[in-house]
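The structure is given below, and queries will be raised subsequently.
The chains carry the letters A, B, C, D and E, assigned in the order they are written, with residues numbered from 1 in each.
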């Protein structure tokens, strides 16, 4: 048996909170499975999108937030445009990810994605525009895959597709203000942007992986 | 004016909270009240006898009964008054149970309120007028709109009772959708085998007249006296001369896709839709006939041994009178072209269930072979997709079309019967098989015919290398599924006919947001409409399978016959009435009447010494809603039973 | 015809050739594209995954910058930027709760008054295909391509208000005008894995590989795209796909602007055709343009 | 302009296209204007047209039902003719409308102080919120020639004063109208002058039931004025005759305007623009507002 | 009984302290009246301040009825019908809705407390809603105070 669902779970306010916060009616879902049928990423997911909807309906917050599925969603909106119940499933996935960030529950297997997102945003907060070199370098460094995509690098440089220096925005102060105020309004603490727990988890996993490979 | 007040204890229902004796005493003090009393159960026989005796003894001419809700016992006490010799409309009720004793606990308050409620009723009854029942004569003939299985069954039932029925069908033959089906679930008897005898019965009955290839143009009047305008479209073949020998269509050189065969087969320009057509008289399709398009050919006319072909035939407009109308206008298929993910209807090998029925039919266009329309090859892997259009608020209908689960199961079975090597894959959301032997049927299809049932809606279909790739999911196992199919059968939902709203407006019956006709009550009056004399049967009211359609057809027939057997129709006289002197003829009332129950009338105005137009209420049509009275600025139109004087008197008594 | 041009981060780096070709085409056709001064990143996918308000505030900041310019319509080429700008505009127009919050963050008042258009839309629906056809110098006959729209250009339909959601056809129409034959293929809006390029490269390889395979099977010689992320996944990762799935695709991934540029007679180098990883020049030569 | 009016009127009578012309003539005082009813071609000389022609002549049409009438109509008057047509009180073929282009008429009450030629202040208040100078319906249109008189300055918001009153507190509003209505002497001049009050028996005169108290108490006055306004909902075309006729100066137009505003805002309905349109209260839209309903 | 007899003073409490609001409800007999019946059958308790005038349809209610109630000193008037789409006569409530929004706004414009005239849609199955609406109505009218505006003929 995978799970035991208790009376308390069924009575939890997970679904209500979600519907109130993101305005999407999960209760409308009647489990037709069209989202899962069309999802391009579902082959990698631990639960299909429709199962996530069901789990939300049943109040299984812990299981949903620690699922890999919510991180693997590519926001391609295939599910959203085809849902016969007019539920914006991609938006719900977004919401679940944001909630998972807040609660710092991130599955061990999927730490790169949140890490990447944080680095990406930090990058923009610093430079205003994306600084690819910085992004890739930082990401490789913090994710522990130091030489990822190195084979591509020479080509990119040769074709002058990646700049070596970042863009310097004149209005950087305004941009940082936007970040600060958005964070304040969303009641998320700024230091969460690069949370040590996240980094640690990721490196730990990579380390385990390496050891297993050696075996 | 001598009013009697009768206060009911209703056991303890009223008496426990309301001091009925005091109420009665207080009522007696009101002006014009000659008699007042209480009784344990006023609606019981002794209670009613008490009223009758009091009327006799005290020469009462008006009655107020303080008891329960008029919704419950107004009719009882009206009858009681009538028996006691008081006009039934000189009785009013004070609702001191539902609106007083049951909703209050304080005895003093409740008693005081009960007294006031009686005072209100007294005020109203003092302005009541004696009214006489209305009687409407009845035209003893029933119109049936639609000649599918619903219309056919209705006609048979009415003819059986020896009343005349007229079937109006817009296609050249009766038979409707059922004539296109191959087999019927769950018994698998062939549709033609059970329908054709009924069609023949209709055509041979002396009580049934058929207007095929005809459309309804207008309806006037009301229950008992409908006047219907019918357009008999030019068939170009004289129905009285033609014997149905078939010489004409055997020689016709034109070939066009057959509508009856869903475009899978061909027909000629002069044609009968299908071999068992009733009447067995061809019709010329003027859009495609060479004579009408190019003034050439004329073979059919030359060859017809009975000189039945008449190229100059014109549409004919006739008017007929009916006492009742049965609407059996049926349904149409949901158009799946709105589904972009299923290819916008452009894939030839993605067909609908009705196409499949024609293919499965051994006398159909493919001779019973299940083929791919694109290349004519036999289909081996066939995917069935349920709920196309149904249960889909985004692109289709909110409702469940009710039959698709069953007909898809039937198709999966037929597929296997027609081709042993074939495999059926059915994508479903829920299987709804609530009917006699339905669940057993679906189980049989799964167990004995090996149909693979997959629980999930299909997300995408696309063409690749001559096959249709179907992407779905099975939510029970949590797997994505991709099937390379030869043929995809879409179980498209049932929708209202596109012209249903127009018909509804003609008949003054309401329809819902899906354009399905609305019954008078979803449970207790499922075949009636709010327009008396108009009844519903079949899928025009909601999706129905054949057994349900036949059942509602017989139900509607009984309702119509219930009118036919009466000499005249008694109606409550609670209708609007116009005061000629006060009416200015602005006709705000005509515009505001939802039932076209008001018309213009010319009168001789004695004061102005000239003719002028005023409003006139058609008592047979008026439903007594009173909307006209509120839009009339001069209060020239008033509603009997709820008249301005009655209501104003109530207000003054408050 | 004058637009405030929002290139987006990619067009200034990995997708330089998209920027080059867009400007070249616009210049030739007389469509004035004025880059929004000091524009900033729209936040892309990471923003809306992480902080909803931020994902609205960043595009709105750009729209406000555009509003301060004379022209009121914004042109953009990147499908992801287009989607984010459109979504932000949709919220600012229709959702007062979010509008108030975002305005508070930005410190200015905005309610969705700036219009956002994709350059493809401008070319077809503002400049008109017919006008374009009159300007063509070299017809690109003998070229068969798969038009790949990606997932973000048309979805969700009510927000982007751009082409058909399930079967978009604007790019196909454009190709036909140029003389190019678009193949009718089913993967026009399939996802390439875009945002996972760095994080979940496996997924990207699988999805992009499927797309390349489908285009190849349907007989396309090249894939035409309107999104820099799709381009980089299909182009940059093609070698890795070949390695992983043991294929040998040699499928150039072109921007629609590059093909339009070629037909207008613009020098291929000015269109950045030398900047691709999978070299398209061989193919271009084979159809006789060079 | 007047010459062309006279010529047309003369022609209509002479060729028997109409039996009667309703128009304006100079009143004996030499300044103000009175209605005139002409059935002889030679009498058309009497006709005049100037900014003093305040009356809405369509009020007289109902008295001549069945005869062919020619009528001189300003834009506002023509709209009341449309309402009368809409309500079957007239037959279109029975009337010949001589439409006159109008650039505002004077307010008699202001006349004593200021002349209309010198200042726009002399114009009637309602002309400042009236857009059309051309009648929406006519058989022949007489346009102004040469130098047009200075048209009154248009108010940006025709309902500005209504909005102002709406903003007042409930008790302020009550007090205001209590004072206004308590002056009412129930003379029914507003009813007599209104071209759209044509009921054979007004509810105010009915006794069975007695809809409103006939005593000129505040209760009765209030009921009468609300009844009158409600009966004009979606019909009043703001010709201003009621307010002009009121001997005690109750601002009746203000009430009419309030309803006109609501009707326009809630239902996008304007009275007297087309004879084919359904009466406001005899039709509905499925999306009518219902936020006021529980 | 004639109009003048029904003067508001007749049945009014002398003192403001023991004043209880008097409310009139015009209820359509198919939905709202049946809904009130259901409240009774379900024994839902509500204050006894309301008197019901039964009408066939909310479309039957003439604005003059409402006006008459108010000038007679009734403290609150409620018009209640079927929900949109449920009208027994299919469209009556549409007409009522249009008619009464105009009246409601006009009365407010003339200084009548908007709480004194209200409308509701109550179906035959909404006994609970009926009880709730009456309770709320009584509460609101209590706050609005007695309708004394028309007491004296000034």
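By our rule, contacts are C-beta pairs under 8 Å (C-beta built on N, C-alpha and C of every residue); 3 or more make two chains touch, one makes a residue touch a chain.
Only a predicted model underlies this, so the values are computations on that prediction, with no experimental measurement involved.
Peer 1: Note down the smallest number of touching-chain steps it takes to go from subunit C to subunit D.
Peer 2: 2
Peer 1: Give me the fewest steps it takes to get from subunit A to subunit E if each step has to go to a chain it touches.
Peer 2: The least step count works out to 2.
Peer 1: Which neighbours do subunit C and subunit E have in common?
Peer 2: B
Peer 1: Can you check which chain pair, B-D or D-E, has more C-beta pairs in contact?
Peer 2: Most contacts of the two pairs: D-E.
Peer 1: Quick check on this structure: which chain has its C-alpha centroid closest to the centroid of all protein C-alpha atoms?
Peer 2: Of the chains present, the most centrally placed is B.
Peer 1: Distance between subunit B and subunit E based on Cα centroids, please, to the nearest Å.
Peer 2: 36
Peer 1: Provide the C-alpha centroid distance between subunit B and subunit C, rounded to the nearest whole angstrom.
Peer 2: The computed centroid separation for subunit B versus subunit C comes out at 53 Å.
Peer 1: Roughly how far is subunit A from subunit C, going centre to centre by Cα mean, in whole Å?
Peer 2: Whole-Å distance between the two chain centres: 24.
Peer 1: Taking each residue of subunit B in turn, which ones touch at least two of the other chains?
Peer 2: 341, 460, 592, 631, 635, 644, 648-649
Peer 1: In subunit E, which residues are in touch with two or more of the other chains?
Peer 2: Where subunit E meets two or more other chains at a single residue, that happens at 2-3, 63, 68, 91, 95, 99.
Peer 1: Considering subunit D alone, which of its residues make contact with at least two other chains?
Peer 2: Touching at least two other chains: 203, 210-211, 281-282.
Peer 1: Can you name every pair of chains that touch?
Peer 2: A-B, A-C, B-C, B-D, B-E, D-E
Peer 1: Quick check on the complex: what are the subunit D residues that touch subunit E?
Peer 2: Per the touch definition, subunit D meets subunit E at residues 162, 165-166, 170-178, 182, 203, 210-213, 215, 217-220, 222-223, 226-227, 229-230, 233, 255, 258-259, 262-263, 266-267, 280-282, 284, 286, 288-290, 292-294.
Peer 1: Spell out the residues on subunit B that touch subunit C in their complex, using ranges where they run on.
Peer 2: Residues 339-341, 344, 460, 462-465, 469 of subunit B touch subunit C in their complex.
Peer 1: Going by the contact rule at the top, pick out the subunit E residues touching subunit D in the complex.
Peer 2: For subunit E paired with subunit D, touching residues are 2-4, 63-64, 67-68, 71, 84, 91, 94-95, 97-99, 101-114, 118-121, 133, 136, 149-150, 152-154.
Peer 1: So in the complex, the part of subunit C that touches subunit B is made up of which residues?
Peer 2: Those residues of subunit C that touch subunit B are 164-167, 186, 214, 217-218.
Peer 1: Tell me, which parts of subunit B touch subunit D in their complex?
Peer 2: Touching subunit D: residues 581-589, 591-592, 610, 612-613, 631, 633-636, 644-645, 648-649 of subunit B.
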